[in-house]
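Following this message is one structure expressed as structure tokens.
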Amino acid sequence: MNAKLPVEANTAHVDDIDRAIISVLHQNGRISYTDLAKEVELSRVAVQARINAMIENGTIERFTCVVNPEKLGITVSAFFNVEVEPQYLMQAADTLADEPEVTSLYHMTGPSKLHMHGLFRNNQEMESFLQNKLYALPGITSVDCQILIKRYKSRMGMKL
Amino acid sequence: MNAKLPVEANTAHVDDIDRAIISVLHQNGRISYTDLAKEVELSRVAVQARINAMIENGTIERFTCVVNPEKLGITVSAFFNVEVEPQYLMQAADTLADEPEVTSLYHMTGPSKLHMHGLFRNNQEMESFLQNKLYALPGITSVDCQILIKRYKSRMGMKL
Amino acid sequence: MNAKLPVEANTAHVDDIDRAIISVLHQNGRISYTDLAKEVELSRVAVQARINAMIENGTIERFTCVVNPEKLGITVSAFFNVEVEPQYLMQAADTLADEPEVTSLYHMTGPSKLHMHGLFRNNQEMESFLQNKLYALPGITSVDCQILIKRYKSRMGMKL
Amino acid sequence: MNAKLPVEANTAHVDDIDRAIISVLHQNGRISYTDLAKEVELSRVAVQARINAMIENGTIERFTCVVNPEKLGITVSAFFNVEVEPQYLMQAADTLADEPEVTSLYHMTGPSKLHMHGLFRNNQEMESFLQNKLYALPGITSVDCQILIKRYKSRMGMKL
Amino acid sequence: MNAKLPVEANTAHVDDIDRAIISVLHQNGRISYTDLAKEVELSRVAVQARINAMIENGTIERFTCVVNPEKLGITVSAFFNVEVEPQYLMQAADTLADEPEVTSLYHMTGPSKLHMHGLFRNNQEMESFLQNKLYALPGITSVDCQILIKRYKSRMGMKL
Amino acid sequence: MNAKLPVEANTAHVDDIDRAIISVLHQNGRISYTDLAKEVELSRVAVQARINAMIENGTIERFTCVVNPEKLGITVSAFFNVEVEPQYLMQAADTLADEPEVTSLYHMTGPSKLHMHGLFRNNQEMESFLQNKLYALPGITSVDCQILIKRYKSRMGMKL
Amino acid sequence: MNAKLPVEANTAHVDDIDRAIISVLHQNGRISYTDLAKEVELSRVAVQARINAMIENGTIERFTCVVNPEKLGITVSAFFNVEVEPQYLMQAADTLADEPEVTSLYHMTGPSKLHMHGLFRNNQEMESFLQNKLYALPGITSVDCQILIKRYKSRMGMKL
Amino acid sequence: MNAKLPVEANTAHVDDIDRAIISVLHQNGRISYTDLAKEVELSRVAVQARINAMIENGTIERFTCVVNPEKLGITVSAFFNVEVEPQYLMQAADTLADEPEVTSLYHMTGPSKLHMHGLFRNNQEMESFLQNKLYALPGITSVDCQILIKRYKSRMGMKL
């Protein structure tokens, strides 16, 4: 086996029953172990053991709730492509990752250094974020921001 | 009051205690009502009633689990900007929203018609998705796909 | 004189007193002729004659009121760069110029066929405009829309 | 009521009669109160009271005249996308907003920092504006200017 | 000799005296053979023979006069990048090359199919050219036109 | 008459006979006055007087010869879009205008500061020009160069 | 072991001695087995067995010679980004892969469908390739070609 | 002979037999001289003499082996367009050309300063290369990287 392959290192031994459990929890994260056990046709103890194992090896990162941002007065969902002078890139990424408005932050292929998603109550709050937080960072040279008009699909988690 | 304002219509009456409850559930979606009640200093019954109300009015959409895609052998996370001939846009959006590989799909401001995120086991699976599903749709004129190199932050849900 | 020069043909003989009158009317379009006459140190009759002449020769196109769109529930101000197949360009321009949401429409230098400005109550109304009116036109191949975040200056009319 | 919503705060209580009044004034800003009262089937006093209220709460910002720029020898109408180093953005916006050639200035979504419209007698005057005013500002890194070739529609004000 | 090299085939045997003659003619295309002979320190007959040889082998293509377009009422000098559907490219190039407004037309490296320069009396004439001639050609998919603002240098011919 | 119009100021009084003379000289810049007089059906003296007048008022700038660059070993014809920091723009334009390789240099509308055309013996000479002359100028931030592949039309001068 | 991982499937068991052998062969593909055996301090037989194994499992694809294209009269090295209508992509890729001028052809991330490299005797041959082969393919919508000016490094094969 | 033509200087006198020899060696770089001699119907001595001459004049640069990068655990093949401040361009090119991950590095026409190809074990190794080597170079202002998804053709060497 070639231990140098990082893909291998990051892959857990997830079998089809594990996938079935994840699938149920993905749809209903608060389902009782008893009901979940019935759904996957296993004992309650076995189900709990598998879940614990998946939490331990990092397959399941945590349980959470999906909230509708508009119900909380969050009306602006925006994507940002942030160009940073290369020597300031990591510093900017670290600072932006700590901002509560920033919900995700990636380094992607393509021409833009940082791909960022943020949520804001309204345009004024976003403008304030741009002026006071983003533009104030050292090394920021250009920001392209685009606003969500309509959401067709937004599935947390992933296909199994 | 101007009932025509959709922002108003979509906003629920979420007070600070509701926000505190959401905040705890966001960190731990499987917390027991008893423990949650202690954290927000309310009775178990009151907490449960508030959660039910927030589920009913759509503030809380569902409970779920956060899974690490790499542990399931998903090594490619990609963003797509999909240009579609205008008359085929809605049809393409509907079809793509049904694909299991597609995790989110938006109509954004800016030059690109559909902004899409997908998860794939590897480049071959992504190439097959492009060739057999995306390119095969009527009206697709151009696709820009970019792959995630490094994840700095990825928070499901949103600031409170 | 070279009558072929269209610039010449479109230029009225506007002297400095005319410019002073326009300047006052630009600031206060409902000023009484008496007050306006005082400001520019002319007789009321002369002022009225000059205004009539400027209306006749098209220098003054009309009098109007400046309304704050947000007070009327117009929260989205957007610019569109609309690409059209060349043979459909004029037809598209004519149709779009008739839409009430469209406030201005230009043919500019540069890569984009039509430069358009529109006002909308909210994102949903804009999305509906895009889907039902803009995308439905024959020959539309691509639309880039950008939304106003902050207005620094918006002066109707022009420098004198 | 959620007082935090800025949209709510900026919206005046404009009813259908107000809209009818605005509509008439928009077409003819110098109409007499008597004629206007007839058109909207109200008393002269009521019309004047409503107009005063709309001026007070900022719905009507001012009355003005629409001038044909070409009649005044303004032959070049240009749009500028101005890129500014983020830390100089507000300073540049403030300075540019004071220039008489600049008729509007916005912060938009998308890749460009400032979206500006200007009017000039001719190319030489625009070139002089670029060289002596715009390029001389600290932090300007790039300017894209495009010139109007043909105006299909230019409506001051907005749909009601 | 490697006859396959087209560079070789297109290169005439131009010596330093030929270059001196071209240099003088480039500055003054109507200089008399007598004066030119003096300048290059050759006999009148030798100069004439060399010029004839250079005309014959295509080194000198013709003699002409340089005209100032603005003096003839040509106020708009524009560059166009014209995208054409590949199968219509040659046909479009042939048609455009015959238009009197088109002064040069190239196939360049880079993303644009045809690089074209044109001269027009004014914006209206250019708009008419775009609408009636360019957009009417089969296969034209997009046109980017940019207008000259200021000419720093425009030397016909080339360095020697 | 509106003396402020620069178009007017730059326009000479060129009549149809002048245009006929220019047209002949444009095809054959070394034609004898006698032959030219015959072609336009004027006396030799009148033709010479008109040409002198057109030289004096700048309509005819000079007479020259058109040379085939490839015959002189010039194999690379390139267009450059040169981005310059705004404060260095005029200095860069002045320096570049003096370079013998540069045949034309413009300030255009659009995103690029300087539009330049150059002729080079080969790629090495162009690379040397880029490295040693263009990149060495203060304030140059980016250069886009494109090379001519095929010339469809290249007419010096202009339509009449 | 997760047999579904294609990375695993494509990876051979290449040890450090194999890498040393490849490294020598990469520098000198015609080295005798005897000399190669000395360099890696193995027996001639063992070296030959390892090379045969690497040829069998596809690690070594073949032996070849590196030729200087300019010595063969190949003066133009070009990269092409070829946009194809999605439904014609595979057909175009198959046809282009068979053309002798095409040396490599990839599907990349990013906005362009096919990334292609080609070698040509001169611009004319490249233009002919564009006109007669590339543009003639069904579904080609746009081609961006860029020409090599200077080669800093070109290493066949790869780091070990 | 026109010694100034660099194309001429770089072109060796390669005849059809030489091309046949190169063609065979290109397919099989380790073929024995005896077998090669049979294929091209020459004596073994003549073949060896011609190969030596082609090595001497630089037509054949070296013999090598073609390795499948995936078999060696190289899973990421990427193209980079690297923008460098002009005054740092040569320094950056020299440094990058020495990096083992960089397999080719060019100066191309078009907007990008350096066109680079690199091979990496995985995304992490590429990210580390970007962060620690590429971004750390003085003068790097922007990097566009794109990853290979599928290889249709990759022919080392060139058409004959």
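Chains here go by letter, A, B, C, D, E, F, G and H, matching the order in which they are written, and residues are numbered from 1 within each.
We adopt the following convention: a residue touches a chain if its C-beta (ideal position, glycine included) is under 8 Å from a C-beta of that chain, and two chains touch if they have at least 3 such contacts.
Heads up on the chains, UniProt names are A, B, C, D, E, F, G, H = Lrp/AsnC family transcriptional regulator.
Since this is a predicted model, take the numbers as computed values, not measurements.
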Count of contact steps on the shortest path from subunit A to subunit H: 1
Fraction-based call for subunit G against subunit A, same above half, different below: same
Equivalent interface to D-E, taken from A-G, A-H or A-C so that over half of the residue contact pairs match: A-C
Cα superposition angle of subunit A on its copy subunit E, in degrees to the nearest 5: 180
Centre distance in Å when subunit B and subunit C are each reduced to the mean of their C-alpha atoms: 41
Centroid distance [mean C-alpha coordinates] between subunit B and subunit A, Å: 9
Distance between the centres, which are taken as Cα means, of subunit F and subunit C, whole angstrom: 38
Subunit G, residues touching no fewer than two other chains: 2, 5, 7, 11, 73, 107, 109-110, 124, 127, 141, 144, 146-147, 149-150
Every chain pair in contact, whichever chains are involved: A-B, A-C, A-D, A-G, A-H, B-C, B-D, B-G, B-H, C-D, C-E, C-F, D-E, D-F, E-F, E-G, E-H, F-G, F-H, G-H
Contact set on subunit A toward subunit C in their complex: 123-124, 126-127, 130, 147, 149-150
For the subunit D and subunit C complex, residues of the former touching the latter: 7, 10-12, 14, 19, 22, 25-30, 57-75, 79, 93-94, 96-97, 100-110, 114-115, 119, 144, 146-160
In the complex with subunit F, residue positions of subunit D that touch it: 73, 78, 81, 121-122, 124, 127, 131, 134-136, 140-147
List of subunit E residues in touch with subunit G within their complex: 2, 4-7, 83, 85-87, 89-90, 107, 109-111, 141
Sites on subunit D touched by subunit B in the complex: 1-2, 5, 7-8, 11, 13, 109-110
